[in-house]
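You will see two complexes here that share chain A, one where it goes with chain B and one where it goes with chain C.
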Partner chain A sequence: MTCKGLLLTATTIGLLLGTQTMADTADKKIALSNNYAGNSWRQAMLESWKRVTDKAVADGAVASADAFTTAENQATEQAAQIQNMILQGYDAIVVNAASPTALNGAIKEACDAGITVVSFDGIVTEPCAWRVKVDFVKMGRDEVEYLAKRLPEGGNLLEIRGLAGVSVDDEIHAGIEEGVKANANFKIVGSVNGDWAQDVAQKAVAGILPSLPEIAAVVTQGGDGYGAAQAFAAAGRPTPIIIMGNRQDELKWWGEQRDANQYETMSTSIAPGVSTLAFWVAQQILDGQDVPKELTVPFLSVTQDTLDQALKDTPEGGVTNVDYSQDDAKKVIAGSK
Partner chain B sequence: MRSVSPRLVLPVLSLTVLIAAVFWLQPRAMSYVGINLLFNLAVPIALATVAQMIIIMVNDIDLSMGAFVSLIACITAAILPTDPALGIAMLVGCVLVYAALGALIEIRQLPAIVVTLGMSFVWSGAAVLILPSPGGTAPVWLTAIMKAKPPFVPVAIIASVLIATVAHLIVMRSSFGVKLRALGGNARAVSRSGRSTVLLRASAYGLAGIFAMLAGMALVGLTTSGDANIALRYTLLSIAGVILGGGEFTGGRVSPVGAVIGALTLTLAGSFLSFLRLSPDWQIGAQGAILILVLAARLVVRQAEKRS
Partner chain C sequence: MTMIHKAPWFWAWVAAIAAFCATWSLSAGGAGGTALAVAALTFGSFSVMTGLGQMLVITMGPGNTDLSIPATMTLAATLSLKLMGGMTGSAGLIVLAGLVSALAIGAGVGVANFALIRLLRIPPIIATLSASFLYQSLAIWSNRGLRIKPPQVLADFTTGRALLGIPNLAWVALIISFGFWVLLNQSGFGRRISAIGQNPRAARLAGVPTARVSATTYVICAIMAGLTGFLLACFSGGAALNMGAEFLLMSIAVTVIGGSSIAGGNSNVPGIWAGALFMYLIVSMLNSYGLGAGVRLLSTGIIIIAIVAAASGRKARL
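Moving on to the complex of A and B:
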C-alpha cells in the first residue's frame, strides 16, 4: 500500500489488505467486463484491478480474476462479451457498463445462470445486479460546503460542467445547485461546459471570463481545474479558489501555487481503484454474505495536508488512486445496510 | 442459380471453421443454452446486414444503418409499450422516410453515401429526442419472442434460418427481387425497359427500412431496454457482413443467405477472440485480420475460377 496517507482521507479508513484466505471462495472465478480503456482513469482502474486481484489469487481468496475490455466502446459488443463470460463459467461478473440499460438483457441471462453481477462506475439498472454507486450529487454539494467554510461572506461562483447529456454531469450540477440554495450568499454567475478536459475547459472559461464580475471560486467536475486556472492567468485576473479533480496536472499546479503564495483549495473525485472495491464486494457476495443491492462508494479527496503525498503517488498524466481491500468492502457493505 | 452456390462456399466454410474452433475452445458452448448465448445477438445484426445488402444490391451504400437501428430501438423501448398506436405510426413513418430517401437519391441522382451520412445525424438526433437518457422497456410480447425457449432448436438459430429464407425468397426468387437486382446491375437497361427507377429504388430503400426496423425491434427484445447509441456499430458490421457473406460493392451481386452467414461469422469471431483470451489491445486488430483473411481467400478462389 503506497497511498496510506490518502486512504486516511477517504471516508473509510483503509486497513492493510486482508491476509486471511477465504476458503469458501477459493475455487470461485470472477471476471471484469470493461467497456473502455482509452483514458488515464480507465488505465489506472485496470492497473488497480490487476494489482489487487493478482494478490487475491495468490492468497487463495479466489481462483481467478480475469479482466476483459471490449475493443470498441459499444453496448452491443459488451453484451456479447458478458454472454461469452456466462459460457466461460465465471461465478461472478464485475462490470463497468457502456450503457445503464442496454446490457440488461445480457445481465439478466447471467443472473438466470446463477452468476453474481456487480456493476460499478458505469452501473446498470437491471434489478438482479448489485450497484456500487457514486453519490455525485453529494460531490457537488460538498464542493459548495467546502467553499462556504473558506468564504463565509460568500461570493460569485463560476461553474464548469461536464459533457452535456451525461447523467454524471446532471447529478454533480444538481448537487452544486442544492449547495448554493443552502448557502444563499453564493451566486452562480456563469456556467460553461468543460467536457472534463483541460483544453476544452480553458477555451470555455477564456470565452466567458470577459463578461463576468469578480469570481470568488470555481466549482468543477474534475479534469477541468487546470484549464480554468490557465484561463484566469491568461486573462490577467486574480486566481479564485478552484476546486480540483485529482488529476496530476491539477495537483501539480496546486502544489506550485501553494509554494509560491500559500494557495489553498481541495480536490475530490472517484478513485479508479473502485474496480477493486467492486471485486471485493463480488467476493463477499460469493462468500454468502448478505450484501445490499445498492452500495455507495466513498470519494477520494486530496486536502492541503495530503497534497504532497498525493503528488508523490500520482503518476505523470494520471489520476490519484487508491486500491481497496477486503476490509474496505466489508465496511462499505456494513455502512449501506 | 449457378452463380449462387460458389459464392456461398467460402462464407459457409469460414463459419464452420469458426464454430469448430469455438466449440473446441469452450465445450460448454456446445449446448442449447450455449448456442443461444453465442448467436442471439447475431439476430439483429443479421437483420441489419440483410437491410444493408438490399441497399448495396441497388449499387448504393448506407452509412446511417446504425443510427437508424438505434432510433427504431428507442421508439420500440420508449413509445411502443405506452402508446402502441403512436409507436406503430412512428415505425411506419420511419420506413416511409427511408423509401422517400431512395426516391430522392434516384430523382436528384445524389450519391447515397452523402445522403445516408447526413441522415445518420438526423436519426441520431431523433433518437436522443425520443430517449434523452438510456431507459424504456421492451414490449412484453417482443421480449417473449426473443427470449422464447422452443424445444430442440434455440430461437437464435430458428430466427437466422427464417431471416435467410425470407430474404432469399424476396431477393432471389420473386420478380420484384429480380427487378431490384437489375437496378443495381444496370439501371439504364431497367429504365429503357420502361420501369420506373424512382419507384424501384424507393421500394428497395423501403424494404431495407423494414429489415432495419426489425433489427432495432429484435435488439430491444434482447436488451429489454433502449439507448440512443445502442447500435452505432451496426453500420460497419452490416457492411462487413454483406462482404463477408459473398456480396460485392458492384451492384446486383449479393447473396441473402451469405449475408446472414456473414453476420453470424462476425459475431462468432468476437466470441472466438474472447475465448482465446487475447489482450483487448490486439482484439480489434485480430478482428480486422479475420476479415482480411476471408476476403483474401475469396480473391484466391476467384482467381482460380478464372484460370480454370
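Moving on to the complex of A and C:
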C-alpha cells in the first residue's frame, strides 16, 4: 500500500470514528439478566431489547448482546445466573433484578471481576452498579395532581395498588399519599391490590365496590385500569376518572368512551423499552464515558391529545412502547450530571 | 339433616356466610348485597372449576397434586383465543372451535402429565411443576403475551346474568359441580379414586385399575383447567400470560378449606363452593374494612387455619 493509500485509509477510519464513536466497544459483550417474562410488559421489554441490540450488533456497536431470563422469578436463581455470566466473560451485565438487595452479593462479584453492571426497572442497591431509575413516587404524585386539575372540588378516590411487598408498589403508593396530603379535598376511601393484572384488579374492585360511597376517581399503577372499568360497569355504577397504564386494551376502552361520551383521563407508565436505554447506558460506560451512577428516565404518558397516535402505534393487545437510541442515552446521561 | 354441623364442609359455609354478612353490613343501606353476591358467585366460579379438578387429584392420596393448573389455563386460553381470533364465519362455529380446542389442549396436557408420572416415574408434584414450564413457554412462544379479544358472543355470555339474576358462569360451575358430585359419590370411578387415596396397595389388590383411574383423574383435572382458562379469558377480555397464577394455591386452598382431606381418600363437592366463596369474600371483607395487604394476608392465613382446625376437630370427636 502506498503512503497516500495509508493516509486515505486512516482518514476514512477517522471519519467513521467521528460519526459512530462505537469502535471502542465493537468487541464488547453485553448480557441481559432478566428475572421474569410472564406478562405482556416483560414480553415487550424483551422484544425491544432484541430489536435494538440486533441492530447494534449488526452495526458493530457491540460484539453481542444476549438476553437470559430466569424461570422462577427467584433471587437465588438470578444470582446463580449472574455468576455464570461472570464466568462466561461478559464485559457488561444489564440486570432487571428480582430483588433490590438479595442480588447484591452476586453484583459485587461481577464488579470485582471488572464487569460493568447496569440495573433498570427492578434496580439493585449495590453501590458499584449503575441504576436506571424511574421516579415512581413522582408518578403517583402526578396522578393526583392531574385529578386535582380535573376535579377542583375533590372527591373520593379508590386506589388500586400493585403486588404487595414490591418496592415499586410502595413508591407509587407513597407518591399518591403525598399527592392526597397536598390536595386535602381528596380522600382515599378504599384500597385493593390488583397485582398489575387486569383480571385480578377487576376481581378485587368488584369485591370492595358494594361497601364504597360514590367514587370520583381511581388511581392506579398500570395494567389495572381496564379491569377497574369493567368492575364499575358490572356493578352498574357511573364510571369515574380512571388513570390508565398504557396497555392497549386500556387505551382502546378510553378511545371508545371518548367517542361515546367525551370521557377524559390520562395514562402513564414506564415504557418496556427502558431495557434498551439500559443497554445503551452500558455501552456508553464501556466506551469510557463518564456516567453518573443514578440516572432517571422519564415515564411515557398518553394524554387526550396523543391518544389516537398511541392507539395507532401500540400493537393489538400489547403495551405502548418506545425504543431508545444511543442519542437518547447520551441525553439522559447529560441530564443526570 | 340433624347432623349437618358434622359435615366436613359445615364450617367453611359458616365462614363464607359470616364474611358475606360482615362485608354487606358496610354497604350503604344494604343495597350492595346483590352486587357482592354476584361478584362472589362470578369470581368464585373460576375457583370452583379449578378446585373440582384439583380435588379429584388430591383425593388419590399423598403426593398427588397438579401444579400445572396455571400454565394449562394460560396455554389453553392463549391458543383457543388465537384460533378464534383468526377465524371467520358463523359465531356458533367459532365458539365451538374455541371451546373444543381449549378442552383438547387440557386433555393433551393431562395425558402428558400422566405420561411423565407413570412412564418416567417422576413424583406428581415434580412432574406437573416441570411440565408447567413447558406449557407456559409454549403459551409465551405462541403469542408473545399479546391479548386477543374473545368473540363478542362469548364475552357477553361470560359476563351475563341470563337466568334468575345469577351469573351464567355460576350456572356453568353449578352444572359441572353436580356432574362431579355424581362422579364422586354415585359412580364406581369415584369410589375407586377414594379407595386409592385411602390405601393404594389395598386398592390395587382389590382389583382397582390404579393406572387407568389415575390417568383419567389427571386428564379430568387438566381439562377443567383448560375450560377455566378459556372462560376466564373470555370473561376478562383476553388471555394474559399471568392469568392463572393465583389458581395454583387457590385450587388447593378451596379443596382443603372445603373439608376434603389433604391426605386424600375423602372429598366432598359442597365444600369446594364454600371454600371458593369464602376465599373471595374474605379478601373483599378485609379490603372493605380498609386493612393493608400485610394484615390482610395474615388474617386470611389465621382464619383458614381456624376453619380447617374446627372442621378436623369435629371429625376427631366422631
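The rule is short, and it goes like this: the second predicted complex is superposed on the first by the 317 of 337 C-alpha atoms of A that agree within 3 Å, B and C clash if a C-alpha of one lies under 4 Å from a C-alpha of the other, contacts with A are read in each partner's own complex, and residues count from 1 in each chain.
FYI, a contact is a pair of C-beta atoms (placed from the backbone, for glycine too) under 8 Å apart; a residue touches a chain by one contact, two chains touch by 3 or more.
Because the structure is predicted, anything quoted here is derived from the model rather than measured.
Peer 1: After the overlay on chain A, what do you see for chain B versus chain C, clash or fit?
Peer 2: Aligned on chain A, chain B and chain C fit with no clash.
Peer 1: Between chain B and chain C, whom does A:262 touch in the aligned arrangement: first, second, both, or neither?
Peer 2: neither
Peer 1: Examine A:315 and indicate which partner it touches, taking first as chain B and second as chain C; both and neither are also allowed.
Peer 2: So A:315 only meets chain C here.
Peer 1: Between chain B (first) and chain C (second), which does A:71 come into contact with in this model arrangement: first, second, both, or neither?
Peer 2: both
Peer 1: Identify the partner contact of A:37: answer first if only chain B is touched, second if only chain C is, both if each is, neither if none is.
Peer 2: Both partners, chain B and chain C.
Peer 1: Who does A:249 touch here: chain B (first), chain C (second), both, or neither?
Peer 2: second
Peer 1: Given the touch rule stated above, what does A:161 touch, chain B (first), chain C (second), both, or neither?
Peer 2: Touch partner of A:161: chain C, not chain B.
Peer 1: In this superposed model, does chain C or chain B come into contact with more residues of chain A?
Peer 2: Looking at chain A, the partner in contact with more of its residues is C.
Peer 1: First (chain B), second (chain C), both or neither: which does A:192 touch?
Peer 2: Touch status of A:192: second partner only.
Peer 1: Output check: A:79 vs chain B and chain C. Expected answer is one of first, second, both, neither. What do you get?
Peer 2: first
Peer 1: Once the two complexes are aligned on their shared chain, state how close chain B comes to chain C by Cα atoms, in whole Å.
Peer 2: 6
Peer 1: Which parts of chain A are in contact with chain B and also with chain C?
Peer 2: Residues 37, 71, 165, which sit in both footprints.
Peer 1: Under the touch definition given earlier, write down the residues of chain B that touch chain A in their complex.
Peer 2: Chain B residues touching chain A: 26, 28-29, 33-34, 37-38, 40-41, 44-45, 128, 132-136, 147, 219, 222-227, 229-234, 267, 270-271, 274-275, 277, 280, 283-284, 287.
Peer 1: Any idea which chain A residues touch chain B in the complex?
Peer 2: 37, 66, 68-72, 74-77, 79-81, 83-84, 86-89, 99-106, 108-109, 113, 125-126, 165, 167
Peer 1: Applying the document's contact rule, which stretches of chain A touch chain C when the two form their complex?
Peer 2: Going through chain A, the ones touching chain C are 37-40, 42-44, 47, 71, 161, 164-165, 190-193, 197-200, 202-204, 206-213, 226-227, 230-231, 234-236, 248-249, 315-318.
Peer 1: In the complex formed with chain A, which residues of chain C make contact?
Peer 2: 23-24, 26-28, 31-33, 35-36, 38-40, 42-43, 133, 136, 140, 144-149, 159, 232, 235-238, 240-243, 245-246, 280-281, 283-284, 287-288, 290, 292-294, 297
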